[in-house]
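Next come two complexes built around chain A: one with chain B, the other with chain C.
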Partner chain A sequence: MTRKKILALSALGMALLVVDPQFALAQESHVGKLSGHAAEGKQLYRRYCIGCHGPDGDSNGENAPWIDPKPRDFTAATFKCRSTPTGTLPTDEDLDHAIQRGFVTTNMPSWNPLTPQQRADLVAYVKTFSPRWKTEKPGTPINIPQETPATIESILHGRELFQKMECWKCHGPAGHGDGPSAATLTDSKDNPIRPYNFSTGSRFKCGETNQDLYRIFMTGVDGTPMPSFADAIQPKDAWDLVHFLRTLQALQTQEAALWKKYAADHATEIKPIGPDAGGQ
Partner chain B sequence: MLRGFPIRTQALKWSLVNLLLVGAFLLVAMFGRGSTAEAAPLGNLRIRAIPAFARKYGLPCSACHTAWPELNNFGIVFRDNGYQLGNERDSPIWQNPSYFPITFRITPNWHRESTNNLAIDSVPGGGTGSTLVSGKVQQNGFDLSGMDLWSAGTLYKNISFQLLPSSDNTAAWHFESAWVRIDNIKNSSWLNIKAGKFEMDNLISEKRFLFLSGNGGLYQIYHYDVPGSSNDFGYGDNQLGVELAGHSKNSYTRYSVAVLSSNDGNVGFTSGSGLPSNRGYDVNLSFSQAFNGGTLGLQRVGAFAFVGQRPTYYETSSSGGAPVQLVGLGNKTFYRIGVSGDFFLKKLEILPLFMYGHDNAYLGAGVPSNTALPAGAQAPAFVGGFLESHYYVSPQLVFFGRFEKINVAQQAFVNLGFPSDYGNVTAYSVGYRWYPIMFSRAGLAWHNEYSIVRSNGFLPLSGNGAGLQVFNLANPVWSSSIMAGFDFDF
Partner chain C sequence: MKGKLVLLLTVAVLIGGLAGAGSATPPASGSISGKVTYTGTPPKMKPIDMAKEPSCAKQHAIPVMTENVATGPESALQFVVVYISAGDTPGSAPTEIARYDQKGCQYLPHVLPMQAGQVLQIFNDDQTSHNIHPLAKVNPEWNKSQPAGSAPIDTKYDKPEFIPVKCNIHPWMHGYFVVLNTSHYAVTSQDGSFSLKGLAPGKYTITAWQEQYGTQVQDVTVGAGETKGVNFTFKALPY
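== the complex of A and B ==
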């Protein structure tokens, strides 16, 4: 075999390696001690996910036209729920948590019934849809400091921040998702999107704990108008905001009890939230 | 909707394989030998799937089913949670008002049934000179299965229901199941109460298995009673009663306790024979535990116990002349206990089941308990089970097979005069299902299956040969089925 033929065959082999879909299936994920494999995940994706997210992961599954909100477009590699800063790729654990938790009030159920290995395999396969996973590394997860005590002072300060940072413009003065800007909001694919209504349900799309809520402020919800406030507020302020938002939910929380008592005793002192209010 | 399927070429490849397999089945069928006579039709199909749920949630069939109708763990969790995904969109108030959770299912098919060792006339028509001789009864042709008209879902959050009018292939209808379930009582997945007619909480469900042929379309051991016993119980039959059940969040741990009328699920205070039922109650207990098998998949083991009672004679009234049976009396007990499993070795699923059954001697002898037992009567018992396996080539193609064995551990009579293996059963079934479409609106499967059963001295439980006599009780009865059809539901 001549040197030219060897080079030509080598080049052909490299080319096949690049275009071969199996190459993409070498993608792996690492969730805890588990290693997920895209080749295994492909079968699972076809079984569980293809109807909404589509065979190419571009959110054009057969059911997508009838789903609101729309399924995630994996080719964009833009994910709402992350532990990493806005604009960065999520960690494998983030994707695993999303699959495990599901997204409340959407068509995405909790896939907790799958085994951890199956979810890890799915994570690996989801990462084959976007070239970003080949060129970028996931962001570094943000640090969540220890939660400050949930006091009435913390709640009142959080309420001030809710006014000052104009959260009410989207989420509404009472957190019902009906602020003056709510009707105009669209996501990164120009689909209409509604702000979160705190008065319904007990869970957020990205979790249900105070830590989850803190994380949402600091990472933002990529692909939606909800920005990251990591550069705008200090950790203590963020915890105050968390404590206030808990009072907007129809839950019997510690924060809600504190606020209820305060509101009963100081009804005349509480200023409404909105365009004409200065805070409390 | 198959546009862009990543494995389009594989689907084409399997289409060709499927074609070859179909041809092989048909060749075997066409060149089979035997005299033609009446044969039992393909039984009322027992398997279930609900594309109405797929339509509601936009999930493909394969999300809830390993191969529909068999449930995978996601489907088990969905069912255990009262047909709810828990995404705050389960209640009917979130559905389009035109949405109606109903499913039609039927299987147009071609099948061949063959049974030997039957007493048939030596001269067709039974004229002069005709005697009863041992013969094979074989029939084949195009046919229909029974039909299911199934509705199930949520009446409200944490209130689920199911209603299943089902017909045989002559459109004679009955209620296969009808129940209401109060789910997650006190917000606990461990407390759910169901009342009505339902399938008992079997780890290996006969209502959701993959087999459709005449002889393969039932688990022999789920319907077996030692020949001669007056017991009409079938562990696979839907029962009437109330069930308390619970499960962990991921349904790895499950339990159920059911209190059931002692009539094998028959309505109107009657038993399977049409005679009045007694006033007794049966109890079924089941428990299962799943384990994470890592890369192999989920592994599940379970155990069950059923204790029941059946009447041996009846309160009667002769006011109108001939005695009329009013209420079953003289109850005698029987029980079934067993263990089962559901194991995955990646794409290979293995389903073993072992059961022991025991009937009171009066049930075994079929005599009233207010009389003395006949000489030699004893409590009949049997032991057996099956080993079933599925190989999932893909969510759209599954091969399956099953071996079943039942041995009579103790005959109903000492020195009955029959061989010691009288009443034993051996059965084999193989087949495959190919799902050319797999989406969230409907289900279609091309189904091929072959099954054969050896019943020592009695007619097969499939109903093949029903109404005829076994010619030689000392010899086995062989009954086989070949079936090919389109199994669809919408």
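== the complex of A and C ==
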């Protein structure tokens, strides 16, 4: 190849990058003030991620057959932990949080030891595995209003919602993950999947704060049976549900203390949750 | 430079207009109709036990059967989507709404064809929560809770795809969204019959899709106002 030809080709390449901003975007990530680059991310991916997620990002790494739950398949561009509505792409920050936090109760560790720049580069590379990143923009993060006070009224209303929204059908009347539909649940790849058991008190896969809990049921956990309740629950009611869910965990939370006291004083008035709750 | 460009554009528009006027589109009055049948032994459909959802169970005097291979008299095959897969110029999405109901813990209709971009409205007519979870792979995969009495969900799919739909709360609920690039499609009724109407004269490829037995393809040429008969036969396996 002559020098002229090389020059012309590289000029064409540059032109493509400039002309197609989506193409350029898909190779980049923006986390806070950092810009991540797929080329750097690729090197890191091949060192840290390839064993499980595979060279093509399709979750067929050499360790994958022995892992349950299965590694994320990046070619599907379906992500569990998002700040964005169900069915939309997550933000770069969402992906960065996932890498940093890891996924508790799975084989995905926390990659906190990587530098923020390295994680941003990984995010940029992970986004090259699905063409969706070239044609779609990430969803708009849902708005999480200021948390309301955790009162016994809020907890009781949250308990009503837990019954009415039929959370117990999967998560069980006491949140033990043993509802009538629990045994039948599969993820989008037909692998069996268990609903979260609140009594373990473990962190949630998508975070640990009340805000995280709010976000989880409002955005849904895509690729799993957990739907989004954004159309079904009003923001002010959502905090009530958060407060009730905290009473199901074996943790010393203020919600648990409030509920314990109420339950002791009103033992006879409390209707059970589940199919026998008077069809409520 | 600018003047030349305007001139060129004007000429182009003029030629385009003339060409359009010259080739008056013939009336789209042709049609293709026929019947879809099976040979062999299809699996026996099983009664669905809805005891876990009494509000749905009581709506059915006789148990609802599974629908993955629904058959009718004279070896008819129901719920087969027959559509034009080539030769059709896809128009813009129709304004008509594709309606999908969750009623008695069943999807009605079991298979819902629609055109890419067409508005899809999903209703929950039951006294129980459903989560509607279309397992799309080409289009975005979403999963929404729809408690009893909630407003219908308005959505659409932009790319053609066969999308299995399920409700994770009621695992027996299965259906399909069939998103197509054409406005010419039909679902076979219980007697296996279908009809594609309003076809301009031309050569078409017709595809029949059955959720368990896959697709079959036939080429058909339709003359002006002509009605062509096309039948499909699927080989049924008992598993």
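Methods note: the second predicted complex is superposed on the first by the 249 of 280 C-alpha atoms of A that agree within 3 Å, B and C clash if a C-alpha of one lies under 4 Å from a C-alpha of the other, contacts with A are read in each partner's own complex, and residues count from 1 in each chain.
In the analysis below, contacts are C-beta pairs under 8 Å (C-beta built on N, C-alpha and C of every residue); 3 or more make two chains touch, one makes a residue touch a chain.
Values in this document were obtained by computation on a predicted structure and should not be read as measured data.
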Identify whether chain B and chain C fit side by side or clash on chain A in the overlaid structures.
fit
Looking at A:Lys169, would you say it contacts chain B, chain C, both, or neither? Reply first, second, both or neither.
second
Touching A:Gly32, do we find chain B (first), chain C (second), both, or neither?
neither
Between chain B and chain C, whom does A:Pro192 touch in the aligned arrangement: first, second, both, or neither?
neither
I'd like to know which partner A:Met226 touches here: chain B for first, chain C for second, both or neither.
second
Partner chain in contact with A:Glu62 - chain B first, chain C second, else both or neither:
first
Kindly classify A:Pro272 by the partners it touches after superposition: chain B alone (first), chain C alone (second), both, or neither?
neither
Could you state the shortest Cα distance, in Å, between chain B and chain C after the structures are superposed?
23
Can you list the residues of chain A that meet both chain B and chain C?
none
Spell out the residues on chain B that touch chain A in their complex, using ranges where they run on.
1, 3-7, 57-60, 62-63, 73-74, 76-77, 85-89, 249-251, 292-295, 297-298, 394-395, 439-440
Note which residues of chain A are touching chain C in the complex, please.
76, 78, 85-88, 132, 136, 164-166, 169-170, 180-181, 184-185, 188, 220, 222-232, 275, 279
Taking the complex as given, what residues does chain C use to touch chain A?
52, 54-55, 127-129, 131-133, 135, 137, 140-147, 150-151, 153, 168-171
In the complex with chain B, residue positions of chain A that touch it:
21, 40, 42-43, 46-48, 50-52, 54-56, 62-63, 66-67, 102-118, 200-201
